[in-house]
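Chain lettering (A, B, C and D) follows the sequence in which the chains are written, and residue indices restart at 1 in each chain.
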Amino acid sequence: MINLASDNVVGASSHVLDAIVAANTGAEAAYGADHFSSAAEARLAEIFEHEVKVFLMTTGTAANALALAALSPPWGAIFCHEESHVADDECGAPEMFTDGAKLIGVPGFAGKITPEALEKAIARFPKGVAKSVQPSAVSLSNVTECGTVYSVEEIARVAEVARRHELGVHFDGARFANAMITLGATPAEMTWKAGVDVVSFGATKNGCLACEAVIFFDPARAEHFQYRRKRSGHTLSKGRFLGSQLIAYLAHDHWVHNARHANRQAQLLARGLQAVPGVRLAWAVEANEVFAILPKAIASRLSEAGVRAAPWYESSVSLAPHETVGSDEVFWRFVTSFATTTEDIATVIATAAS
Amino acid sequence: MINLASDNVVGASSHVLDAIVAANTGAEAAYGADHFSSAAEARLAEIFEHEVKVFLMTTGTAANALALAALSPPWGAIFCHEESHVADDECGAPEMFTDGAKLIGVPGFAGKITPEALEKAIARFPKGVAKSVQPSAVSLSNVTECGTVYSVEEIARVAEVARRHELGVHFDGARFANAMITLGATPAEMTWKAGVDVVSFGATKNGCLACEAVIFFDPARAEHFQYRRKRSGHTLSKGRFLGSQLIAYLAHDHWVHNARHANRQAQLLARGLQAVPGVRLAWAVEANEVFAILPKAIASRLSEAGVRAAPWYESSVSLAPHETVGSDEVFWRFVTSFATTTEDIATVIATAAS
Amino acid sequence: MINLASDNVVGASSHVLDAIVAANTGAEAAYGADHFSSAAEARLAEIFEHEVKVFLMTTGTAANALALAALSPPWGAIFCHEESHVADDECGAPEMFTDGAKLIGVPGFAGKITPEALEKAIARFPKGVAKSVQPSAVSLSNVTECGTVYSVEEIARVAEVARRHELGVHFDGARFANAMITLGATPAEMTWKAGVDVVSFGATKNGCLACEAVIFFDPARAEHFQYRRKRSGHTLSKGRFLGSQLIAYLAHDHWVHNARHANRQAQLLARGLQAVPGVRLAWAVEANEVFAILPKAIASRLSEAGVRAAPWYESSVSLAPHETVGSDEVFWRFVTSFATTTEDIATVIATAAS
Amino acid sequence: MINLASDNVVGASSHVLDAIVAANTGAEAAYGADHFSSAAEARLAEIFEHEVKVFLMTTGTAANALALAALSPPWGAIFCHEESHVADDECGAPEMFTDGAKLIGVPGFAGKITPEALEKAIARFPKGVAKSVQPSAVSLSNVTECGTVYSVEEIARVAEVARRHELGVHFDGARFANAMITLGATPAEMTWKAGVDVVSFGATKNGCLACEAVIFFDPARAEHFQYRRKRSGHTLSKGRFLGSQLIAYLAHDHWVHNARHANRQAQLLARGLQAVPGVRLAWAVEANEVFAILPKAIASRLSEAGVRAAPWYESSVSLAPHETVGSDEVFWRFVTSFATTTEDIATVIATAAS
C-alpha cells in the first residue's frame, strides 16, 4: 500500500526516534522544566534570530487554538481563510480555547487571503461598537490548505493590513519547513521580519512523532500562556519527550532535508500526473501536496493498486471560478512526506498512466 | 542525584520505548483510527472484563477534565476531595472543559471522601432549584493525593451515594496500577463492579512516555467524546504512538510488575525513614508515595546528598487533627517508580539516618 | 425630531405601562415563580394552540443566545443567514452561551435562507467526523434583517431540510407580530406547524418596555433551561415586571394592533419614498422596515429636518446582484413602530420630496 | 399574607414607578446611549465623589458575574465567603462569565471574610506556578449573606490584603444602601477610599423594579466591559427604563429613606422575636435581615397566620461553633423592605408570642 492521504500517516524519522530513546535516561524535572525543552527553546531562538518564548505540545490543533487564544479576547474576530484548517478541521478548538471568539472566513483563490479581502472583511466589524465582535487577529496558513505557499511579500502585505488595524498575526506553520524550502527564505524573514507575532511551528508532519511549538517573538504576548497550556491539558509531565524530538528535528538540518525531500516528491508526482491524459491539477504544487482532478477510471486503478489519497471537497470555494469536478471525475489530495520514496511516486504515476 | 520528587521525573521503561520504535514502520490511518489504538481498546476490554470505549491521550489533566466534562453540564457540581489533583493541580482544567462546572471540595482524612461527607456536601445543592448548581458527578482519586488507597468496599460505598443521587462516578487513576497492586483486586472489581462509570487510566507515571486512557463502560456516556477530545486538541495525528505504548504497557503484566516494584520501594523507604529518630509519616504508605515529616537537619543532609523530594503543603487539611509540622521540620513527599532502585532507597535511608 | 432609526428608540405603549403599574401591589414569589409569569405562559399556550414552556427575560440577545444554547452543543454548527442578527449584532452572544458553537453564515437574497443554500452549507460538515463541528440547529429570523418576511411555506421548507438532518429549528421573532400580520397566519401555523422547535418571541420592539419570551413546544428541549437562564443572569427577581408586560401585550389583541399599525406606516413610507425621483428600495417592504437608497441631497435634507434613520451596510451581500450604492447616495433603514404617527410619515415624505 | 421571605417579593416603590412612566415619552437612542443612563452615571459620580464608569443592567447575578469577569482571567482564583451569594446562589454565573475561574470559599463567622482567613486561602495558590489557578480577586458582600455588615475598617483590612497580593476587590452591594445606613459612612468611604475597585450597586431590593449598576472607579478596568455586557445579553435596548429607575432611586434621598425604613423594621422585628421565649437570633441584626432559630410550634403558628419567611441552611458553617438548630426548631430568615409596615412587624411578633 502506498498511503499518500496525509503526511501524518507515517511514523517518525529514525533520527527523531533515536533522540527520544537517547533522552530516556536519568531524572528530569517534569512539566516542561526539563533540560531538553529549554535547549529546544534556545535552538529556536538561534534559528529565528530573535528572542523567543517557546511552548511545546503534541498537536497542531492545540498549538493553533492556544496561539489564537493568546491573540483574541472572547469578543474578538479572528480572520482566516474560509477553508483554513483552523476554521474547518479542528471541531471548533479555536472557539473553545478563546472562550467564544468568532472565526471570520475570508475568501480567496488557492487558500490565500489577499490584503484586499482582509480589509473588506475587517470593515464589517466596526471598532468600538459593542454589538460587533472586535477585530483581533489574523491567521495565515503557510503552506495553505491548498498546498500553495504565501511569498514573504504576500505575508508582509497581509500583516501590514493587520498592523494597521491592530490585529495580532498568527502563522499556522503545520508545514512550516515545506513552505520555507519553497520560499528559500530564512525563518526570520518568513515570520517576525514580515510582521508575524506568533507561530505554530509544526514538526510532526515533517518527521517528529508528536511535537509542535508555539513560538512568541514578544514575551509580553506569552505572559499568561503557561496557564493556558496547563489548563488545557497540554503541558506534558515528561517534557523530555517533546524537547528531545525538537532538538533532533532541528539538528544537522534534519528538518530541512526532510522537507526538501517531501517537496521534491510532490513535484515529481505533479509532473507525472499532469502528463496523464485527463488529469489536471487544481492548484499550483508549491510544497508537498498535490491536488488533482482525475477521471474515475484512473482513480479506481489507483485504489485497486493500493494507492491511498484523500478525497477533497469538490465544492471548494478556493477553486478557480471556472473549475468544476465532473461527474466522472474525483478530486484527490496526495501528500508526500520525508518517507515517500521515489519508487512510490513512480508506481503511482505508472498506475495512473497505465 | 536521586530524584524522588515524583514518578514522572523518570523516562519511559525500555519495554515501552521498544514498542514505540517497533510501531514506527509503515503507514497508519491518522487521528486514532490506527490499528494500535484499536488493539489497545480491545486489550482494555479484556482486562476490565467489560465492553469499553477507550480514548487515548497524552496527559492526565486532559483525561480527567474530559472525563468530567462527559459527566457534568456547565451548571453541574462535581464533588471531589478538597485537596484532590483535579481541584488543586490542573489550573482549572475541569472548569475549562466542563464550561464552568463547580468543583466542590469534600473534606476527609488522608485524601479520602467518605460517604457521609459526600452526602453532606450534596445536601447543600438542592435538586431542581435553579439558583443552585446541580449535583452531577463525584471524582475519586485512587491512589489518593495522600498516597492512600480506597478499598473496593470504600469505592462502592461512595459510588452507592452517587448512584442514589444520580451522579456519575469518575475514577482518577493516575496511579491505577499502584492502587490495584495494593488492593489485590481486579480492574473490574475496582471500577464498574464497584459502581464506577469512567476511568482516567494513567500509564505515564508507571512506565509510559505519555499515555493516558479515558475508559467508559457505557458507550452512551461516550457518545460525544470524540468531539470533546478533538476540539480540545487531544486527538493525536500519529495515534500509533499512543496505542503502541499502551499495548506494551499491558503486555506480559508489565504494568503489574512496574507498579509492584514501585510500591515495594515505597514500603522499603517508609520502613527505613520511620526508623530514623525524629521522622514520622503523615499518612499510611499504601502505594508508591511516602509523605514524611522530617527534622530540618535531616532534610538538609538529604538535599546535600543530592536527594530530591517534593515539599508538601504544611497546612494540608488532610492531616490528622493533632498533626502539625514544627518550625524545625519539613513536610516532604517521596515518590518511587518502576525505575527506583533498591540502592537508591538504601542511600536515602542511610543518609537520613547518618 | 422624527427618529426612525429603530423600533426600540420609543418607550413602551401606555397599555403595557399601565399593566406594570397595576402589577405593583402586594407580595409575589421571586425569580419567575410569580402569578404573572405563569399566567403569561398559559396565555401563550392558548395563542400558540400548543403546550408550551415559556421563559421570560429582558433582551432579545439573551433570548436568542439561550435558545440556541438549548439546541446546540459546544461542538455544534448553527446555520443562519450570513447577515442575520445573531451572527452580526450580538457581539458573539451565541458563541458565549453555547460555549463555543460555530455560526455558519448562509448566503441568500433579502436576508432569507433557501432550502438549497442550507443543504449546501450542511454538506460541508460531515456527520460523525470528529474534526468537523456537527450540524445542530438552524436559526431563521422572521421578519428578516432585510425587513422581508418568510412565508409559512418557506419556513416549512427550510424546517424540512433541518428535520432531515436532525437540526433543531430556532425562530428569531424579534418582530414576530410584524411578520404575523404580513402572513395573515396564526402563531401556530408560523411555528410548530411549520416545524419550528423554539421561538424567541419578541415584544419589546412592538410595545413592551423590555420583555422577550423563549417558547419551547417540546418540554424535553426545555429540561435544563432554567439553569441556563439563571446562570446567565436572566432570571429577574421581580418576575411580575415581565409577566405583567406580556399579559397586557397579548390582551385585547394589543400586539396585533401595534404591529398592524407599524406595518401600515412602513407601507405608507415606502410608497411615498419610492415616488421621490432618485429614491429606490433595496428590498420589498414586507413588515415595518424600509431600506432605501437615497441621493445624498435628499439624505441631507432629511437630517436637517430632524429625521433620523440608520445608515445601513452598503456592501451588504443580501442586496440583489446588480445593486450598488452610488458614491452620491446613502443606504438607510427606516423602522416604524406602534408609536409612529401618520404625520411623521407625511413629514418624512414631504421633506424627501421637497 | 405577610411575606418576609426576601426583599424582592415586593414590587417597586411608587416613586420609582412614576419615574419610569415619566421617562416613557419621545425617542431615545437605544442600547444605553440614552440620556437617562448617562444622567444616572453622572449622579453616581457625585454620590461616590469620584470619576466612575457605570453599566446598568437588570439583575444582581449579572452585575456580580460581569464585575468578577472584569477582575479575573479564566485561570484566576476569586476569593469569597464560602456561603456567599456568588458562590451558592447564582447557579455558577461567575464561572460562566469568567470562562471558568475558580471561586474559593473562605470560611468565617457571620458571613464575613477576615484578613487572616483570606491570607491563608491565598497562600494555597502559589503565584506563577502553572498548575495552580492564580489569585485574582476578592469579593465581599456588604450586607453579608448573614445580614451582618462589614465596618469600613474591616473592608479596608481585607482590601489591604488584596492589594498586597494584587487582587482586584469586588463589593457585592445587593443591599448597598442597607449597609450604608448601618455604617453611617459615605459611599466613597465604604468603597474606593477603603480599597474597593468595582461595586455591584443594587437598587432592586431597595425600591427599584429591576436595576443594578456595575460601578468602576478606574476606567481602565472597564475598558472591555461594554462587550462583556452586550455579549451576555445585558445591554437593554430601551435603556431609559434602567436610567430612569436609578435617577429616581437616588433623588431626594429616596434610597436612603427606603433603606433606613427597612433596617428599622428589622430592628423592631429582631427585638420582638428575641423577647419570645425559645427564640434566638443566629447573628447580630445589622441591616434588614433577621435570622432566627424558632421552636417549630411558633413556626407553625406563623405559617398558619400567613407569615412567610425563608427556611435557612441549618448546617450553615457561618453559625457560631456552639450553635445548632434543634430537631424541634426551624431556622428562618426574615427580610424587611421599604414596603414592610410597622403593623406587619407587630403582627409577626404578636403571632410568635401568642
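What we mean here is this: a contact is a pair of C-beta atoms (placed from the backbone, for glycine too) under 8 Å apart; a residue touches a chain by one contact, two chains touch by 3 or more.
None of the values given here were measured: they were computed from a predicted structure.
Comparing the chain pairs A-C and B-C, the larger number of C-beta pairs in contact belongs to A-C. Ranking every chain by how far its Cα centroid lies from the centroid of chain C, the top place goes to B. With each centre defined as the average position of its C-alpha atoms, the distance from chain A to chain B rounds to 35 Å.
Averaged Cα coordinates give chain B a centre that lies 51 Å from the centre of chain C. Centroids of chain A and chain C (each the mean of its C-alpha atoms) stand 41 Å apart. Residue positions of chain C touching 2 or more other chains, listed in rising order: 74-75, 90-92, 95-96, 99-100, 130-131, 133, 227, 230-231, 235.
For chain A in complex with chain B, the residues that touch the partner chain are 1, 3, 5-6, 8-12, 14, 17, 20-21, 23-30, 57-63, 65-66, 90-93, 95-97, 204-205, 209-210, 227, 230-238, 240-241, 308. Per the touch definition, chain D reaches chain B in the complex via residues 74-75, 88-92, 95-96, 99-103, 120, 123-124, 130-133, 313, 315. Within the complex, the chain B residues that touch chain C are 31, 73-75, 99-100, 130-131, 133-134, 224, 226-231, 235.
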